[in-house]
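Notes for the one structure printed next.
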Amino acid sequence: MAATQFIDLAELADRIPDGAFLALPPDYSNVPMAMTHALLRRPARDMRLLCVPTSGIQADLLIGAGCVAAIECAAVSLGEQGPAPRFTNAVVNGSLKFVDSTCPAIHAALQASEKGLPFMPLRGILGSDILANRPDWKVIDNPFAEEKDPIVLLPAIRPDFAVFHARWADRQGNVWIGRRRELMTMAHAARRSFVTVEAVFDGDLLAEDELAAGTIPGIYVDAVALAPRGAWPMGLADLYAPDVAHLADYAKLARSDAGFREYLAQNHLEPAHAG
Amino acid sequence: MAATQFIDLAELADRIPDGAFLALPPDYSNVPMAMTHALLRRPARDMRLLCVPTSGIQADLLIGAGCVAAIECAAVSLGEQGPAPRFTNAVVNGSLKFVDSTCPAIHAALQASEKGLPFMPLRGILGSDILANRPDWKVIDNPFAEEKDPIVLLPAIRPDFAVFHARWADRQGNVWIGRRRELMTMAHAARRSFVTVEAVFDGDLLAEDELAAGTIPGIYVDAVALAPRGAWPMGLADLYAPDVAHLADYAKLARSDAGFREYLAQNHLEPAHAG
Amino acid sequence: MPADATVAKAALWRREELLIAVLARLLDGVDHVAVGASSPIPGAAALLARALSKGDTRVSVLGSRRHNPFTEGGRELFDCAAQGRIGAFFLGGGEIDGQANINLVGMGDYPRLDVRFPGSFGSAYLYMLIPRVILFREEHTRRVMVPRVNFISAPGTSDPGVHRPGGPYALVTNLAKFDFDRERRSFSLATVHPGHSAADVAEATGFEYDQPAAVPATEPPPPEWLELLRGRIADELAETYPKFAKAVFGVEAAA
Amino acid sequence: MPADATVAKAALWRREELLIAVLARLLDGVDHVAVGASSPIPGAAALLARALSKGDTRVSVLGSRRHNPFTEGGRELFDCAAQGRIGAFFLGGGEIDGQANINLVGMGDYPRLDVRFPGSFGSAYLYMLIPRVILFREEHTRRVMVPRVNFISAPGTSDPGVHRPGGPYALVTNLAKFDFDRERRSFSLATVHPGHSAADVAEATGFEYDQPAAVPATEPPPPEWLELLRGRIADELAETYPKFAKAVFGVEAAA
């Protein structure tokens, strides 16, 4: 809660310890790919991932490179490029601890942490095998209903870190996310938020309502690093589109172990110490 | 959910029937005073008010003019101008049904409706006489705690109407509120939202992230009326400040029944049919 | 109408256009249709339904920047559905069974899966809250249309007392359209697409369903719909689905 | 120090400046202070604490446009407190009793009240969640400092097992500063402001409290604090509290 620190990208990644519990944004929302690349190069180990509520190449890369011990998600997919091959492979060969959820449950469990609540109720889900496989979720009878009315309660999820990319941070650590509001919830819910940005905004993002409306206050932002085009090969809102050709290449190469290693090599993402 | 209708202010007020349950914004947030004045002139009757979570001159005027059957609020006050005299008077003389709440409970109960939930938990409050006087609130033991851990559950509040003022609406019914996010929750939670605006925005408020970040989508906006300076004598965000001299006059006049009637007369707010 | 007339007409439209028309008819009278990511045919159907409604139908296309109105982040679709503000939605499934259960998780003995699908997304929730959920899967084979799904991502039906304003309304595939009867908890074959027969459908379906004595042919898209689709709708769609719009309608996305 | 020296020094600062200094000392080491609406003295104290911390203390002044960082609407203050991100807050009370219960609702037999105050605002919640809640009320009379409040807007103490990371830390009035002992559930008189005596405090207080044999005088604001207050802090404060800034510091708000 003290002043936001401005550090470089490598240091930002280094401050995320092995074993940390990370909240990742979905593919349509400011994916911190440059930070992910730094984690791959370290390489990070035993990360626990929460996809908010889904992920794509970011989770797939981390899984493929052996950085991930466990993942909770509503889906991992490369979208129009098809399945996420390293995720799929790791699930089928049993090397990844995975917990299936559903999008609104992840959003609601983060809102529970945002509100400092131990749990949040959620409609739906009853009768799903997701619920049947979640001993951590409870079903109670709605205490306000006159007749029997079962409803699911989800325990709060409090990630150690929210990590994401953004267009701007100002010198006070305020970060502009536009309409990508799930990042606001992530930042409120997580213990710490580490953000990469395209550029430092020369001024106060909270000064006028136009930008303030889409700004995460610095209260929630622990550290910021510059990373121009830091979402590549994913896109960033109004600024740049996803690099579809690159993503298609990835989808093809990552189908095999060898291809995945080739992709890492081509993109200089190999671990510094391969042991 | 059909297309947002653009109508005039008198018609907008007329479409709020007597007896309706209205969510009002707090004094710092886009108070629809022009709409309130139209309700006074009608005059509206038997309104039930929910202050989100507090109100000032808006609720005080409606109470003083006999438009209000009941009110739920965390506070009614004229802020730096002192107590809200008509509210205070009506409570003490027993003519107003009032329900005391606390700010976060009102926000949370609206979030319950926003999420289609029957209830929302909330920390705090235990031991308060607010809770002791709310038979509609329940205390349960947190089912996720190993030891006894009482927690309050609040039933969802779903107002019939959210009413507020805003700087712009575009032709699709999207309404720009900047950082006044409680209006977003109100609009999501209420069955209908009726909005007055300073001006029609010539373009699409959702086209670019800068404005979209502070915009309520037209899905939630049922009707819009033009009302330039429609928050007066309250202020509107970056646009105009509250009329402090006018509010001080009100605070003085409204202390007595006669003074309140004089204020209505001076401001042409007398009911069309005084019976 | 003799069968050969149907075939003759069939040449006038593409398979995708027929499917879009079938889906658009299912959206008739809906105030607000939401369409999930990676769904070009449902997306086109929603945009067509909007055009035909002359403004009465609102459409939210996830993944679109121009046709997605949400400003409260990823949760808004779900909250909006729970508020009762979304009348219709589309879901698919790696497997779909005769009780309209859908499986988006995988095949095998969970969690030891032999095949992994991406995951359930929001299906476990939206299926139960949106009144008119249309199941759409182009592939119509016994691999997909199974007697019983391996994993219930979202159940087709619920026990009495479970809060469930929503549920399955119809199932549309490359071969046919089924209606779903929530009381009887089963599909019934409603129409078979031109060029296919009820026997083709039976052959390709692994679950039991009801069937009237004579199954009508699916009504093809009228010429004025095709005109709309190939013009205005193709242009609108190209923003979110450039590949699809180019392949099906030959339209390039605007810069 | 003889009493007349204190009086002589007292002339060098105003009553409001003393109170601001007392409150600012109570904020030492706090990461993030939030200040409610209509609270110029607590607001000034928070801004002073920020200036003295050289950037380690963040301040959120509700009602300010420049010093209020919140962008999630009215609920953010409460959510932020529940997240543990607010270290200190100020509350007042129409009545305050010896168990630190506060009453913001009214006097009489609720709901049939003889006197109505504005209402509880967020006190029932913030008092229980913010670690260092400072009770501040200028008026120190038996009308305000009562044996037992008429209505508990927010309780000063809670039963074991109640989730309560927060609670009362001190009570500051025109006459004195009290500390609150959460174990013993009672106030103890910590310092008495220059110009007043422990006997004055006893006379004006309707509730029981502890008191050491000798009660020290409240430390007056040091000259460098006064300089800061009358310069930079007065300017910062004028944005939200123009009347107060002008009356106390003679500063006009910037246009």
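Order of writing sets the chain letters: A, B, C and D. Residues in each chain are counted from 1.
In this text, contacts are C-beta pairs under 8 Å (C-beta built on N, C-alpha and C of every residue); 3 or more make two chains touch, one makes a residue touch a chain.
From a predicted model like this one, the values you see are computed outputs, not experimental measurements.
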item: Chain pair with more C-beta contacts, A-D versus B-D; value: B-D
item: Whole-Å gap separating chain B and chain D, where each centre is the average of the chain's CA atoms; value: 29
item: Separation of mean Cα positions, chain D and chain C [Å, integer]; value: 60
item: Separation of mean Cα positions, chain D and chain A [Å, integer]; value: 40
item: Whole-Å gap between the CA centroids of chain A and chain B; value: 36
item: Touching two or more other chains - residues of chain A; value: 108, 111, 115-117, 122-123, 149, 151, 179, 181, 184, 212-214
item: Per-residue overlap in chain C, given as positions that touch at least 2 other chains; value: 70-72, 78-79, 82, 129
item: Touch-based graph of the chains, sorted into line, ring, star, complete or other; value: other
item: Chains that touch, pairwise; value: A-B, A-C, A-D, B-C, B-D
item: Residue numbers on chain A that touch chain B, as the complex places them; value: 108, 111, 115-123, 138, 140, 142-145, 149, 151, 153, 155, 177-179, 181, 208-214, 237-238
item: Touching residues (chain side chain D, partner chain B) in the complex; value: 37-38, 63, 70-76, 78, 82, 104-106, 110-129, 151-155, 157-159, 161-163, 243
item: Chain B - residues contacting chain D, complex; value: 26, 28-29, 52-54, 73-77, 79-80, 83-84, 87-88, 91-92, 94, 98, 100-105, 107-108, 111, 122-131, 133, 147-151, 179-185
item: Chain D partner contacts - residues on chain A that touch it in the complex; value: 1-3, 113-117, 174, 184, 188-189, 206-207, 212-220
item: Of chain D, residues touching chain A in the complex; value: 31-32, 55-56, 58, 60, 66, 69-72, 78-85, 87, 129
